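The same subunit A turns up in both complexes below, where it pairs with subunit B and then with subunit C.
The block that comes next holds the complex of A and B.
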């Protein structure tokens, strides 16, 4: 709800320039472009989760379910139905969104820890389906035997199949679209009702806002965008396995959002970047990389309760 | 037609009868005060009218229609808005934003993903008007959570007013305030009642405020209605003096 001040605009321009130029500077600092794609994809998932967590004040521990539905949706579409990346993304995203829309009414009346627990429970249902239904999902071994396909746009063909930079830019375009939708909604009257619910649910209700309905909408939008991230995750790896649906994956999204700062729009992307880079570096050094991320997380929560970006912002403004 | 008609409403919490068969009729343009000692059931009675709680027996009519089982948000749409004993605002948003949200909801924009230029200008003008009325114009961009108690309360009242209610319910609007703040809020309520012809029901502990503002007073004690009348009648009522005014003096 903040106005468009110059500082903020400048920060936005810098972020987008860095993202656009990633294939050029990332290798120079010792990274590789798949790592960049991974940051963007998981960043999108964490930002989508944060639409619900940071802007509506509702904590879900089950977003991996919709992430995984998107991932399996695109994989199964390409493997079994039609070898089209675009169609796969569409079907995967719709699958996750529709599932969220149907599950929503059963859970939106719950609050706090009860909501979180029930979202985990629904997530685990999808996990066990993917885990057990070997003949279709590949079970524990994951869904293999497919790859992303070149993108046919009519006037041109983009080779995202073998050119990782081209795939990165596809991810970035969809990321930008998804962020555009979120930013636009958050500045609208509807977005303000969500912030009102986060700030004070009782007041929101007695201002005539049907809180459950608005939480449902926020939930569906959030899960829909997480499904989109899930499709991109599967395409990035050319592979899906049930871990994409597992509840710890949901926990990772929450960690990213809180790590980066859940009260800021870009925070979860920063959180995802820290998480992915730490994981990439530490997992090559030690099998216990998760304990280091855990330690880092605890330190951030203790000393910078508004996340890394919240801390930086306070330093800049003071 | 009466604006609000409460008919023999009771509320039980287990074996406790918090409100016991209370009736009340409020006419359009009236300012009604509900008073009574602590634990008399005033706030519970209020919560029944606003839909925060559902009554065990009895019914509530608003503008002639039975709203007994209508949800809180829908009672707001029908024209009942309220404030709370403990101020309920959006503490981390500015005064302007706190007021903008109810103005947008009242304009029917709660689900809108965008606003036309005209609608936006209209909303801004209305927010400014409300801030001026509530004496908040110089604090427009401060976070409400950082304001003095009196200003927070004024913000809450203006938020309730932003909904263009036909009935405003104020739960202890001067609770916990100093003399100056109490005076300011009393003047604000008086202004809304006189200039806007707004119908108001308020719960109040401060007798100066009650006798200064109210057209009629209802006294509750132990969940039952003890008396009802003009401020003069209530002041002269012996049962009230014994149960309530006497107690506070003691």
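The block that comes next holds the complex of A and C.
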């Protein structure tokens, strides 16, 4: 084990300790636990997007669609079918995953900006369905009249409904599971193949790797985990509205990934933390926060394209 | 019933003409520079608001001429200062950059002119219906179709007959060779961007006469323009034009029979095209 590996392990331990202790230190620095949950949820979405964006090198600008499908899935499940949080999460995640699996074959042959354009356009279908189908989705006002339900584990009941800290830990457990899956996949031959496709697609193809199938699978995994994040987002707010599906939400995920550092595993989480706190602060300070967010996008692209972790890594190695 | 269907087909054609005008500008920029300009809708809104400001001083006709030109100048400046810096980098960065610009434009227009819809007066003789049976056939609507037609013909003449147009077309195929042959590619891309933004500005002036003037007008028109490009075929300008008109008419007709699917139908069309003919209706084989 060399020095860099030790550093990496130490960083992992520190990150997990910080996340585990969040309910205790966050209020002390002026935050509130819902903000912490939001960072984790959106961080999960950004990391899941980065599975495709940073590790497979495929530029998706339409992930909000699957995020929103997960959110509506859990909301409608609890509202109309069965008042169970666990079942809702399962159904919401499956909804997004299946939609991605069906749309996948239509888009995997495209690359670069064209992939981005088609994914973003496809995302709009779900937005308009949610927006127009008033009687079921609540239309523009969003889906209301439901809340997350306490979690029955058989041997114990966890009150995530009224205890925000308990909900935070539920989010953290699912976050850890999803990250575990992603980290395991990225270390497997499958993950290495994805990186090979990112680095040189033509070469990967000549080596006999079925590139399209790999990209499809990576797309489905990425969208599936984003819909998991979507379900948690809906549960966090006890509310869903069509904006969770809108294309600007996809842009938010991409900027989080870029801001933190697309080439690193933890980068998108850091990006999400910065972005969520910034947005929270700006929208409380000025009605024109959209301009500042836009300006922030421009500044990141021009002066900070490698993101926080990319920047630090460069400083360390040089 | 026939009247209602005709009305909606005609309406769809007009909306489709907007989509096409927007999408042609987007396509020009995308084909030559590989940049998806999310801020295109913002330029459209600015074109509309500039026309609104200029109207009391130079009248409708003056605004129709001057406003798109001013928008194009703004486009030239934005390209020179910002967009140029991301050419040749991962396409991700141009997406994020123009995405941020779109936010700034939308919020900026809201800040300057307010969030509420503003009235926009077109000459009264254009508003009266031409025939009592076909009440929807006002002069303004015909006039819009005419202006769009003239603009499209003008665009294809520029591309087909002028030196600038030839260079743009050549650059679309192989920018490096064009550069080696002594063409200043920086200026070429700058002018091309301005040309694309001019079309957005023109669409803006026309759109506010029809749809009213509000800050979100740009973001509501940009997605259909993407769909128009994909349906028509990436890389093909006639395809983009066809795509815009097709999805406009399709959503117009859908309004009659199934109003809540008005927007969704164009995405269904896009899915169908991608399944049956992935390169789009008039797209070249193997280009993307």
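Some points to look at:
Assume the second predicted complex is superposed on the first by the 310 of 318 C-alpha atoms of A that agree within 3 Å, B and C clash if a C-alpha of one lies under 4 Å from a C-alpha of the other, contacts with A are read in each partner's own complex, and residues count from 1 in each chain.
Definition applied: a residue touches a chain if its C-beta (ideal position, glycine included) is under 8 Å from a C-beta of that chain, and two chains touch if they have at least 3 such contacts.
None of the values given here were measured: they were computed from a predicted structure.
When both complexes are superposed on subunit A, subunit B and subunit C end up sitting side by side without clashing. In the superposition on chain A, contact of A:27 is made with neither subunit B nor subunit C. Of the two partners, subunit B and subunit C, it is C that touches more residues of subunit A.
Applying the stated contact rule after C-alpha superposition, one finds that A:59 touches subunit C and leaves subunit B untouched. In the superposition on chain A, no contact is made by A:86 with either subunit B or subunit C. Contacts of A:110 after superposition on the shared chain: subunit C is touched, whereas subunit B is not.
Once the two complexes are laid over each other on the shared chain, residue contacts for A:195 go to subunit B alone; subunit C is not touched.
Computed from Cα centres after superposition, the angle at subunit A between subunit B and subunit C reads 80 degrees (steps of 10).
Of the two partner chains placed around the shared chain by superposition, subunit C is the only one that A:293 touches, whereas subunit B remains out of contact. Within the superposed three-chain model, A:208 lies in touch with subunit B and out of touch with subunit C [touch as defined at top]. After superposing the two complexes on chain A, the closest approach between C-alpha atoms of subunit B and subunit C comes to 11 Å.
In the complex of the two chains, the subunit B residues touching subunit A come out as 50, 52, 71-74, 76-77, 81-82, 84, 88-93, 97, 100-102, 104-106, 109-115, 159, 163.
On the subunit C side of its complex with subunit A, the touching residues are 30, 34-36, 82, 85-86, 89, 91-97, 99-104, 106-108, 111, 223, 226-227, 229-230, 234, 260-261, 263-264, 267-268, 270-271, 274-275, 278, 288.
By the touch criterion given at the top, residues 1, 184-185, 188-190, 192-193, 195-196, 199-200, 202-211, 214, 217 of subunit A touch subunit B in their complex.
Interface residues of subunit A, counted against subunit C in their complex, comprise 53, 59, 61, 103, 106-107, 109-114, 116-118, 120-122, 124-125, 128-129, 132-133, 247-248, 251, 254-255, 258, 288, 290-291, 293-298, 300-302, 305.
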